[in-house]
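Each chain gets a letter, A, B, C and D, in the order it is written, and its residues are counted from 1.
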Amino acid sequence: MRDYPDIQGAFLKEGYRISRVGVMGLKRPVRIQRPDREVNLVPVFNISVNLPADQKGSHMSRHIEVINRALDLAVGIKNDSLEKLVGRIAKELLRSHDYATYADVELETDYFMERESPDGRRVTENYRLLAEAKIERGDDKPTRTIGVEVAGMSACPCAMETVRSMLKDELLQEGYEPSEVAILDQVPAPTHNQRNITTLKLEFNDDIDIEANELIELVEGALSSPSYEMLKRKGEGKVVLDAHRNPRFVEDIIREIIGRFLERYTDLPGDMILHVRSLSEESIHKHDAFAERISTLSELRG
Amino acid sequence: MRDYPDIQGAFLKEGYRISRVGVMGLKRPVRIQRPDREVNLVPVFNISVNLPADQKGSHMSRHIEVINRALDLAVGIKNDSLEKLVGRIAKELLRSHDYATYADVELETDYFMERESPDGRRVTENYRLLAEAKIERGDDKPTRTIGVEVAGMSACPCAMETVRSMLKDELLQEGYEPSEVAILDQVPAPTHNQRNITTLKLEFNDDIDIEANELIELVEGALSSPSYEMLKRKGEGKVVLDAHRNPRFVEDIIREIIGRFLERYTDLPGDMILHVRSLSEESIHKHDAFAERISTLSELRG
Amino acid sequence: MRDYPDIQGAFLKEGYRISRVGVMGLKRPVRIQRPDREVNLVPVFNISVNLPADQKGSHMSRHIEVINRALDLAVGIKNDSLEKLVGRIAKELLRSHDYATYADVELETDYFMERESPDGRRVTENYRLLAEAKIERGDDKPTRTIGVEVAGMSACPCAMETVRSMLKDELLQEGYEPSEVAILDQVPAPTHNQRNITTLKLEFNDDIDIEANELIELVEGALSSPSYEMLKRKGEGKVVLDAHRNPRFVEDIIREIIGRFLERYTDLPGDMILHVRSLSEESIHKHDAFAERISTLSELRG
Amino acid sequence: MRDYPDIQGAFLKEGYRISRVGVMGLKRPVRIQRPDREVNLVPVFNISVNLPADQKGSHMSRHIEVINRALDLAVGIKNDSLEKLVGRIAKELLRSHDYATYADVELETDYFMERESPDGRRVTENYRLLAEAKIERGDDKPTRTIGVEVAGMSACPCAMETVRSMLKDELLQEGYEPSEVAILDQVPAPTHNQRNITTLKLEFNDDIDIEANELIELVEGALSSPSYEMLKRKGEGKVVLDAHRNPRFVEDIIREIIGRFLERYTDLPGDMILHVRSLSEESIHKHDAFAERISTLSELRG
């Protein structure tokens, strides 16, 4: 067979090191075998390795070969979690690219989960899953990240109190008695609310298998309310009331998630990094509001 | 000068007619000289012509030449409205592509307008402008479209009544008297609200110069409330209250715009086509709700 | 059970008809049972109905109920093609919304297909599938559309001849003989090439089951070359050569698809509408080039 | 005037620190007065500060006030560079949010520059500018970043040699003599080429005013070829030839930029951080190829 020139392998005398070289936006279906169910996902992958100063190029097709091998059920590889899958790919990248000392992979995918709506229906809700792994040659294990992205509802606590105050003033001016008006303190007042997108990511070095479903439930519990694809009139009312009884800034959502996480997962390693980010697509503004916290568990445990 | 082969101009014996061939996504700054002010815009252009069955290709660079000529202030062309600009481009396209019998151009651009916020501040708000023109050879004038896209707030009228009803029930169950609870009918109840994106487009054949600013104000008036980039506490409360006193489905917004348009513009030609579209990025759902109406003014006037 | 007010059902005295009201961006996993295989898809759905002038609102949750029913395998519904699925949803929408006389649904989804690369490897390639159905009350059957979106490679025939001509001129000026230079006419010259996105859609009223895989292969055959996720050196060379031996304008791609389609499918009904669109993300420009043709088969058959 | 409750200012006993809280996606026109010209830009801003553990919320409207003040020409503020503008905003954010110890701002905007095309025409080309500033309380100056994003052309050096080799083999098999075929070594062979997006960012602490135009030219010079919005036949041929005489992997582009930068800017501080990233939207693949290098100038100078 004819041997075509290996341009990538060419030796460079005065090159510069490349921090990362790889492929972005590779779509490939993935099947994960969880203990209790099989999950079909369609992730988008980004994959890269570093490149020493004296080598002209990286062999990009090896990236794809690694992905192919990792996903090929035919050869008997069983992926039982996303974090194992990305960890396996990262290690395999270093094996394939012998000139590289660093490799990483990240993926993002739609994910669906059955939830019970407030009016008691089973609904299929849509989320996003994220997973990453990066490894330095010599590392015992890759650093892995798993994460969930959840859309739900945030309701503003500040505007609610301003509105309550304005409504009471108006009624008093119309001649109502303070005692009559006081009932407005017993019920939530209107406020602006909106679609909120919150992401929770965990970065760790040990072998940890956290159920994405649990992370999703944890995040949903920290929003003003989860959102649902299917609500009849009563369910809609309950969601709105729920959100207005839990009005939350993006800052509140971040803190609520941290608090719930620390309470729920007490034995995770202190060097695990928590990355929480919440974005509200403000209904009263054309821009979005966001907050984030990145921290180790040790630091958060104080 | 060397003459390179004109592959596009090649004669095809058994070709098929091409409905549209052109360029998409061309960005180019534009200056519009309105009677009272100069407006700097950065539109994205799509431009195309048709192609007869017997010609291999279209000369794409002529599209860009036409745009260049139309935008070149140096040659003394003064664009005093977007609809004149796109009309001029459409006519020029037919002149440049002598084999074409049809030409069109569309553009979309950010647009900024000063507004007064409910707490009395001057704020710069962001909108989108749209303009299109299409022409058949032999037409006296191109058909032009101008449009505005406005982000604002929609509040759901249905959930508001459900929530009001639930809150009253709860208070009655807690032992309050019906007479005490009745005050809840005097104030807006909480409901889900969200960012809403509404587009109003007008298609016409005559020479009409409608101020985009007026269309924007008309759309904003038909939403539950405009949104503002800058609100202090009191302004925020006013916007929320305003929105809750005008709760509107996307269907309502469409109808409100039609009604206001017919009332405001009484002498526009009956063959003008109104295209109204409203989309609410639902806070209680992960999907959006939308409604649209496309109709001539004659039909709407009934 | 408490009955909450049906705001949507309210009677309007002076309303306007709404052309379409519905939901956009609903994601939901779908399983299609093809004769030879099971296909898992994750489509995004848009769904709408019209609304008479005298009704305030549409019951949006019914849209979702219809989707749920259509996708619920538990109740024994077997979807054996996307066009049957969307047809079923459209009919069901009219049944659910008794006030509506029009309904439509459209979906778009990633799709994967095994292909053989030019160096003989099995590769999983990524495409998009589209499906639509719309129905007027009284119609026997909904009008359905199915389509495929294919990314591949386009190489410019015009620049190739210019470059060939320039290269020959250069060599002659360097002192080569015309007879020596003539060999350049035997091989493809360099030209600009780029990622091309081509869409083929079919709209029809009869019950037709066309394999998406066949449409994808037909489109790939009409490009300068298909693209592949995984190519070793020799395969890469073959793809580049293949593309340069089939240099094509977007206009050429459109015509090639029409020609191949008419030849391949001879007994499809004449009122079927073919919609072909091709877009090249030009490497020599910052904008894209595109062409499209929309036509009935009758007209194309001439 | 009525004083509404300051919910954001509320004291939290057991809160968590928030790393960043702010607004995203704020669009606002900006006028920059360069020594030789006035530049109108339409950036999108992201702005944030940190928040101590004991404060409930951040006063988001102050973010917008700061932007307003920084952009308000009426009050006599003259922005003569993007890096000064973002630096000023960062400092002002800390002044406005007295509880914060960190602030940052980033913006991104379209930018247009006149270039001369290879066929000698003046063409308006489209780029992107980026600017960031971040500051810790107590810092003398904010850390600023400026950057440019440039779309151009990359041509693959590896496929070119494979194709050249294949073409020569084919001709030899067809009976040509090696001496006849040798002329193919004198001209560039076909290869895959594509739209490439390359970003160059500089992060620094000193007061440095680098012309974005120079950075854009530097990046364009490091690509296989710049791209142009407007090319006649000859110009198109020249661009294709130029690109094929400078075939470059994304890795090559990174290194070329670093080399050119070090040569052009010899007196910049060693702690300046260079971030170069190049992405090729591969024509032979459905995914993209990318490379990046992040490094101080000291390290690069070796």
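Please note the rule applied: a residue touches a chain if its C-beta (ideal position, glycine included) is under 8 Å from a C-beta of that chain, and two chains touch if they have at least 3 such contacts.
Predicted, not measured: the structure shown is a model, and the values here were computed from it.
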Original post:
Minimal path length between chain B and chain D through chains that touch?
Top reply: 1
Subject >> Turning angle required so that chain B lies on chain C, C-alpha fit (0 to 180°, nearest 5) >> reply: 180
Original post:
For chain A, which other chain has the most distant CA centre?
Top reply: B
**OP:** Take the average of all CA coordinates in chain A, do the same for chain D, and state the distance between these two points in whole angstrom.
**Re:** 27
**OP:** Measure off the straight-line distance from the CA centroid of chain C to the CA centroid of chain D, and report it in whole Å.
**Re:** 34
Original post:
Residue numbers in chain C touching 2 or more other chains?
Top reply: 2, 4, 26-27, 126, 158, 162, 165, 229, 231, 233-234, 237, 285-287
Original post:
Residues of chain C touching chain D in their complex?
Top reply: 125-126, 151, 153, 156, 158-159, 162-163, 165-167, 170-171, 174, 176, 180-181, 183-184, 186-195, 225, 227-229, 231, 233-234, 236-241, 243-244, 281-287
**OP:** Please give the residue numbers of chain A that touch chain D in the complex, ascending.
**Re:** 2, 4-5, 7-8, 12, 15-27, 48, 51, 56-58, 60, 157-158, 161-162, 165, 169, 249-252, 254-255, 258-259, 279, 285-295, 300
Subject >> Complex contacts: residues of chain A adjacent to chain C >> reply: 2, 4, 6, 26-29, 40, 42, 61, 64-65, 68, 110, 112, 124, 126, 229-234, 237
